[in-house]
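Each structure below is given as structure tokens.
Both complexes below contain chain A, partnered by chain B and then by chain C.
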Partner chain A sequence: MSATLAKGINSFKEVIDAPIASFFSSCVHCGLCAEACLFYTETGDAEYTPIHKLEPLRRVWQQEYTLLGKLGKMLGLSKPVTDAELAAWEPLVYDSCTLCGRCAMVCPVGNDMTYMIRKMREGMAASGHAPEDLVGATMRSITIGSPMGIKWPAVLAQIKHVQAETGITVPVDSPGAEYLVLMSSMEIINFPEYLSALSRIFKQAGVTWTLAQDAFEATNSGIQIGASDLAREIVSRIVVAAERLQVKCVISPECGHAFTALRWEGPNLMGRPFGFEVKHILEVLDELHAAGKIKTKGQDARPLTYHDPCQIARRGGVVEQPRRLLNAVAVDFREMPDAGVMNWCCGGGGGVSANSRAEPLRLEVFKHKKAQIEAVEVQTLITACANCRIVMEEGLEHYHMKVEVVGLTELVAQYLVEDKTT
Partner chain B sequence: MKITQKAEIIPGTVGEGLAQRGVTRREFLQYCSTLAALLALPPAMAGAMAEAISKARRQSVIWLSFQECTGCTESITRSHSPTLENLIFDLISLDYHHTLQAASGEAAEQARMQAMKDNDGKYLLIVDGSIPLGNPGYSCIAGISNLDMLVETAKGAAAIVAVGTCAAFGGLPMADPNPTGAVSVGDIIKDKPIINVPGCPPIPVVMTGVLAHFLTFGGLPEMDALGRPKSFYGETIHDRCYRRPFYDQGKFAQSFDDEAARKGWCLFKLGCKGPVTYNACATTKWNDGTSFPIQSGHGCIGCSEPNFWDAGSFYQALSMPVTATPSMLAGAAAVGAAAGVAITWHNRSTKAAAKAVHEKVTVQDLTREVK
Partner chain C sequence: MTHLDLLTFARGSALNWALIIFVIGIVLRLFEIFGLSRKADLATPRTHSPGSGWRTMLARSIPPPGMLKRDPVTYIGGYVFHLGLLFAIFFFAPHIEFFRSMTGLHWPNLPTALVDASVVAAMVALGMLLAHRLNNPVKRMLSGFGDYLAWTVTLLPLLTGYMAYHHLLFEYTLMLSLHLFSVELLLVVLPFSKLFHTFSVFISRWYNGDIFGRKGVAS
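Moving on, here comes the complex of A and B:
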């Protein structure tokens, strides 16, 4: 078995649903989506107009699902979508779209281009037109368990390190716990602060939690590459573990697409509702803070700003929570222009950061984030997505900017009131 | 300050005519400034225009009237004497005009032949009324059919001005079912410059403005796709209407005698065709700048647009379908629903077929076989 054009076209036919049909038929070609897209505003290249990235899918819709299109196809007036065409579109679909969803916010007829790109990637992947790096990451997710090839021993090493540092035991596979905590590979490798911060916060809040040995990885390469069959397999690991341990809630970590994969796509992939809730870590922290279970003392004096990860704010609806938390722990919190649901993407979402071919373009479009940061004149940038964090750190490095990037969970833990006796 | 500059007077020119009538140069310059403004020419053009017009020979004009109501002639001659529109009318040599000329019968036709002979290739032909292509007897003058007279007279004309909607676009005679087979001037004459000055009737100053332009520059002004001078037909009535702010605020009169109508709100819902009608009524106005239909409380009927008689009721809002009846609408809905069901069924089977052949994607399926 291998990828073929026929499989890809068949997949296009399969993913075209009522929303996609209505989106294509209601597009008025106004071009407003271009102005909302980072890749267009920073390059001025009209090829990056979001709706244009969907052209092959649109043609299949027209040829297969519209009356005139069918007639045209019968009479040989319209050419079928070819392999060469899909190859030409591969960089548009994978390298220059971070699934950030900003275009969908400005579309006057309400077309959700992000939804369509996500679906279009199904056909791209099935026809063998997905970037090599994403194929590799998906392969590792399926065979090893994590896109970066991390296995449980690496997590275990981090647990040991955190326990030594905090003196708090990290629970593993503990049934009946309130929360199942997941992590992204990025946190396991680059940001051990996250697990350490969580241990301290949960201890203080007095809630029970656990990690699961067979489901520690929150990310889902199947979503990014666009292979629902694989995405289902990856998400089912978490669902199985959560139901086995009978937790009330699964916490999606500081990662953007992991939240989308588990919270929004998960139940649809599984074809059933979950027996537990899915929350982003910021939602949990905000709830604990509002309930008085965690308290903070002192405030950060540094001027700082907050980068809204697209999947968490725009696509996920978690907008107010980080602001309430930040206002509790920071004196000089400044909002960037367009902050909140209209925030600009870091440039590395939707699998772009995992795709080394896209790196020059990613650094080019980072100029927008750079300008946003410069506008508020801060040297501390808070965010809640490890992928945004690493992408922004690379961008800041590239443009020689002295700005530190910090995870919000970590920042909250820094000002946590801790009762050392319990 | 009254300066009566003695300009050089050349016998037989417009300038001589003006001098004879005791029109001062200042008055004439004022008139030219007004015309220049109306024609959207730069203010500096007024002097050049005055110069050109006063030195020009009196322009020979032949006016032919076909299937028409004489409303256009009424409009251009409707004078609040002495208006300057009338004045310039005296500056041309109107050699033939059924309604206005004193001569009749053979003498009248003789005048036309004489003017055509004396000014061959230079005279201006003005036409009002449409031309019947059916039985020539529907409309003829001195035994000559309209078609023959038009073709014969157009031959030696420098340019043709189609005055009124009938001459420009066919107008009322061409309205469904068009019993006489009426057509416009432009449908027949293809080898001469034609300018359309539509309206039922056109605004007097629009007609004289076009004539003045021809006298000054010896050619026709810039025209739109329908052959109308852009300076007068460049914008819609709606865009220049003083009631436009009400439209923008969604304030509409619902009937001609409700409170909203008395307050002067927008007449769109009462059938005003202002949004699709290009003409200068809202700015130039009628009767010496007194008023125009919308200002008098009635919507625009769109008289300067092609086929305006057949564009539905004057009192039906533009947003309403023109010809559909309730039973037609119901029928269309039923056909649409049936077609929708059929297409949905077909599309569903296409999608189901695609689903049926879906093979579960494994990681090995993400790459192509290397041959």
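Moving on, here comes the complex of A and C:
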């Protein structure tokens, strides 16, 4: 066991950089980060204070990278981080943090707790303290190609279904296409309407696109569990396919962490910038709409609201695009309180939804989303992340709320002006 | 040793040593941070906004929407304390005179009555913040010896300065010496405690603004 603890501590030491040192140096223990975290606001449990979740990492920083800490360690005055302590911290680091980044927006001294939790998870995984379900999902991603164990035949079945429904051919492994389209397991299993919507939109826009047989999965459990070597392997499949097919742009699907994995972590995991662009589907739709390549007709009369997925908005910078698209297709679009970059997480991001142990807590903290939805009195909730979508559908069902959740791409496709002759 | 001898020591070698430890401590702590460096971000930033770090450095002084209501004691107490301390240190006429004697630099002072009131307000705020720290479950859990030490060494210069100015408790020369010793204690403790945020806050806010800014989000 000590070997794995040693690996974990080494990993902590490796991930500590100047930003982390400045964050720990600046913390004044004001506790305001707790007020921004839905795991604290909805439970009142002080243990869920974001900076507290980082305590083992902080002690390693102090003992290894500060003069006073080193002196304390030499004199035997400091408390070393133990395996039992890391085991006790596992639920704090994985079950009660969705990497949503809201705490990082409010910390008065500017600490980015999410940046730190993401890195701390590297040491947690290396020391054998990652949730079993996330370990399983990551292993399936590596061995099978998808965290939910989906293989190409399942995608092919969906392609056939979409082709039959739309009459449009779904291109596969088509070299020189403008866009390489990725999907998340969740979309393949639960939301086939995404691929159908995309086929229609791209046909209308007259752009070339393709799926890749060896890189259809966009999600990346490696970044959720905190295993950069595995995350690199998962991301490299997409990079290899994009380069082989010589696409100009890879489209991250309606999935939050997939976008973070590919757009922000991808080049750093690979150790080189990409020769292609990475865009979230909402960015692409907004560009096509602005350029007049896709037009919409009619507007949805239902009162509806939009849930900003954390990794798309706060951690991804895609905030205005969904609003422009929604205003084009909806008459009564209502903003939830704190919408945009200060939106509250659905409670299932960062690997929480894949961790069955966290389910009761996830449903409890969904109360915040419930209150946000109730405040705008709508029965239709639009979002752009399949994980948020399934988490919210479960939460809504748990609280007996009659609210329908719809993907934004699908909604745009519903009002698409289609020229059937082209 | 007479009170005057004590004051001479407080203004002389004690102050010099405290300043030496302070400066070395600050340089060391800054080196501890920047020495760790960080890897270059290879992801193409959404916007080329080199100013985002600098903007967050200032913008983070304002509570984000909804936060003031969630914890008014921390925000209001924090503002009153920091502003009171700033006024007392840099805008009290005798302090400006002291800085001038040391560096040659000087600037206009605030009316003494205003500084006096701000010191009282700062001390009241510190008291409120301590009570809040002891009562709020989150703050209490996060707090340790370092937090209470930092609180004490911050209060002492305010308290002794106020008492010296109002000729309370001890004879003025002795009280002024105690005031200087308390400042020296603060100077020695600051680099090695959470009070170092006086300097590091600008670094951590800059990194925060830079990390978010590259993704196209103003933080």
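Before moving on, here are some points about what is shown:
One rule holds in what follows: the second predicted complex is superposed on the first by the 419 of 422 C-alpha atoms of A that agree within 3 Å, B and C clash if a C-alpha of one lies under 4 Å from a C-alpha of the other, contacts with A are read in each partner's own complex, and residues count from 1 in each chain.
Going forward, a residue touches a chain if its C-beta (ideal position, glycine included) is under 8 Å from a C-beta of that chain, and two chains touch if they have at least 3 such contacts.
Quick caveat, the model's predicted, so the values are computed rather than measured.
In the model built by aligning both structures on chain A, chain B clashes with chain C. After overlaying the two complexes on the shared chain, residue contacts for A:A227 are found with chain B alone; chain C is out of touch. In the overlay built on the shared chain, the residue A:E64 is in contact with chain B alone; chain C does not reach it. Of the two partner chains placed around the shared chain by superposition, chain C is the only one that A:E35 touches, whereas chain B remains out of contact.
Chain A is touched at more residues by one of its partners, and among chain B and chain C that partner is C.
In the superposition on chain A, contact is made by A:V135 with chain B only, not with chain C. When both complexes are overlaid on chain A, the residue A:R272 reaches chain C alone and has no touch with chain B.
When the two structures are aligned on the shared chain, A:I16 is found in touch with chain B and with chain C. In the overlay built on the shared chain, the residue A:T4 is in contact with chain B alone; chain C does not reach it.
Touch criterion met: A:A125 reaches chain B, while chain C stays clear of it. Touch criterion met: A:C27 reaches chain C, while chain B stays clear of it. Judged by the document's definition of touching, chain A residues 16-17, 21, 65, 67 lie at the interface with chain B and also at the interface with chain C. Chain contact summary for the complex, chain A toward chain B: residues 1-4, 7, 10-11, 13-14, 16-17, 21, 64-65, 67, 125-126, 128, 130, 135, 138-139, 142-143, 225, 227-230.
On the chain A side of its complex with chain C, the touching residues are 16-23, 25-32, 34-36, 40, 44, 46-47, 49, 51-52, 65-68, 104-112, 115, 263-268, 270-274, 277, 313-317, 319, 338, 341-342.
If you check the complex, the residues on chain B that touch chain A are 343, 347, 350-351, 353-355, 357-369.
Of all residues in chain C, only 28-29, 32-39, 41-44, 46, 56-57, 60-61, 63-67, 70-71, 74, 78, 133, 136-143, 147, 192, 194, 196-197, 200-201, 203-209, 211-212, 215-219 touch chain A in the complex they form.
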